[in-house]
């Protein structure tokens, strides 16, 4: 197929990079089951697609709350953000606590708010544009859908594209029970199916976007939106600031 | 219009089709504010991108509950599903009720479950693969994020790709108040900004996917997943069925 | 049973009534796993607390979309609402579809919106005040927390009180699998623990509220709120209507 | 003040205590709009009901991630938990970030997991039993329902009772805009209505529970649940531990 061949040719040096943001609430060297599932996914990225995988266990770093990309005072988020910006695929991995993403994952999204103000000067696109997003979730039970939903929502709002099947999760039956590694989750069919679908589709989409950058000009979007919104509260509010 | 002509030239017969599934709970001919916002979005699709827009007000049809693509007995879902399959961009529009998507929108997603069993014989892809999804939400107040999150989660699970900024919503301040059309929502800057971002990014992605179909083979994914999951509960359960 | 007799003695004719609104999407006579779990819960209500249990399988009735308590044209919601009003404990049972409550459950909440305009003339309390709410959720996998959260949120907004542990759910591990009855869910410890906690706490609270009606006067609340909100958008909007 | 005096008479020494856990992500002395709304609510508690109000701005303390009630190493959560245990009404206040509760609020709920293992020796009830919960949410726009839902779900799972109308929120219209204090949110009718309903109903319920402790014996619940769950995965898993 012509297009495919063309992709292969021009891709040579185009080795994809996947960054796993592991949002476990447990610091190293404690076992992270979320990391366990991320590892299983990374194997498929690496062995079957030659994708370079990198991991950041966010809780091991000093990431204070705040909405700017650098909060100063030993803030280590800038280093993490740098890795995010260099990646083609961003996978946010979270354990489930009380049915929600972890406080560490929520912190990551709060900090990503800072990227809204780092728009490209030419087209206004935020730094996560042209990247591909996905979600990985583990819990002893229940909450995979909701956490995946929350993660991918945040990611597409920051600029990522979410391909089909962009989540992979493992949970056991209702109530307390063993976690991913203890339960031999890597033998669980559903998790393996979603793991492979996640990898295939994020790799396809990342390759596609690497060759075909999104052409949307957010500065023009803004200009047109402002023009048709005269008298809007927000227009007034912005003019006051 | 120059941009439009240029698109027609370079994209030949590839005129895109957007389908709006309006999930208002009010039957015609009552005013639907969700339709109002969809209309404003359709204008941008049509005038600035030459996209053909079609609307289905789901509540006007007989769509019984169930999980198959045809429940018989006067079920009109098959006609709606046909339109969905012919579209390149699928926009689900919902009003907000008690912070959730409408019962009509939830019904749509339940019925789309039937498409999981209509995988392509060659590669197993569900019918919504290679389509682009997006969400439109209106309410007198609060719930835009949650409803957008829910809609786009469902859509990417059924096969759609979700590009950056794939939602547009309008809500007023906390509590009861006028709805979109009565409040002149079409002058609201934020809504117009997200409206235009939604259109630009869905058009870009739909054109890209029209020329570059996703190559993932879900049958191979399944085969590999089963192979590495011997002894899994689900494998056992499936063998019992 | 001693406890039961004691309740009957001290609480006279106060036999409690629990209504289960089963929001399965499958019509009778198909097997409803949600009903299966409701039955197990009802046994505890009846045998250990002498509570009268009633069931409504909402999908078997004509319940059109809409926001009024009677939409006319064969609407059977008024009959269901009557049962709700006569109950002390309201349990909404839902299956999980794509991580959300069923379209039937969402329809129930949309229709309950009508009760906001049926405030008591003396104190403005909605018809569900002084009742106790709870959630029952079943799915082949994942979503119990989110559905419980959604149900109990709606219920407390309509006037119910939500006691501790007011939800009971059963789900299997991630992915497709057998449903509650097929999986012998009634032997699942976590589900049985939450089942019994739900029953004990709703019975306690219902008895308490039966003897101690909430004294809040919503008409006075409104008066004071309006007085301190002069110039508010909503005040203006209401005066225009 | 008459109402207050009357309460003191009929309720003796039962002065209620409300604790506001302000989960802003901004450290003191920055302005917290969530605190602004909490202050307005506290005024009603204090002036109209003689309730003692206390505030904890969680982000000002060292609250590391973890699931135990004391993580050591300068962990200040034990001090906060002590205040929680002494309160009758617990109000969790959160700003909205990307449609979710703040990372600080999520951290609070993660830390409250530790209370599950602090059950009363006599009846197994967790420390938050017999307390009343409620939610306060502020944002420049959208997300009030979802955050309230999440907060009250967590609270009733930890043992709190959630009375009708147990949330109060303020949000502006869709998109960026001024926050609560800047927008004169304290003149917003809906917010004032929910503020007063929240206060009235939590005070009523807290007084009721102060005089009528929940009688549920969770140890007996457990015993019965285990007895009817022989062979359950969880029973097996627990026996292995």
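Which chain is which? They are A, B, C and D, in the order written, and residues in each are numbered from 1.
Please note the rule applied: a contact is a pair of C-beta atoms (placed from the backbone, for glycine too) under 8 Å apart; a residue touches a chain by one contact, two chains touch by 3 or more.
Given the structure is predicted, the values throughout are model-derived calculations rather than measurements.
Trainee: Between B-D and B-C, flag the pair that has more C-beta pairs in contact.
Mentor: It is B-C, judged by the count of C-beta pairs in contact.
Trainee: Can you work out the whole-Å distance between the CA centroids of chain A and chain B?
Mentor: 22
Trainee: Can you work out the whole-Å distance between the CA centroids of chain C and chain D?
Mentor: Distance between chain centres: 22 Å.
Trainee: Averaged over CA atoms, how far is the centre of chain B from the centre of chain D? Could you give it in whole Å?
Mentor: Going by mean C-alpha positions, chain B sits 37 Å from chain D.
Trainee: Just give me the whole-number Å value for how far the CA centre of chain B lies from that of chain C.
Mentor: 31
Trainee: Going by the touch rule set out above, which residues of chain C reach two or more other chains?
Mentor: Residues 98-99, 145, 149-150, 153, 157, 172-173, 175-176, 188-190, 193, 233-234, 238 of chain C each touch two or more of the other chains.
Trainee: Which category does the touching pattern between chains fall into here: line, ring, star, complete, or other?
Mentor: Chain contacts: complete, every pair touches.
Trainee: Can you check the complex and tell me which residues of chain B touch chain A?
Mentor: Chain B residues touching chain A: 126, 128-129, 145, 148-150, 152-153, 156-167, 186-190, 192-193, 195-197, 200-201, 204-205, 208, 211-212, 214-218, 221-222, 224-226, 228-235, 238.
Trainee: In the complex of these two chains, what residues of chain A are touching chain D?
Mentor: So the residues of chain A in touch with chain D come to 25-27, 59, 65-67, 97-104, 106-107, 109-110, 113, 150, 153-154, 157, 172-173, 175-178, 233-234, 237-238.
Trainee: Enumerate the contact residues on chain C facing chain A in the complex.
Mentor: Touch list, chain C to chain A: 98-99, 141-146, 149, 169-176, 188-191, 193-194.
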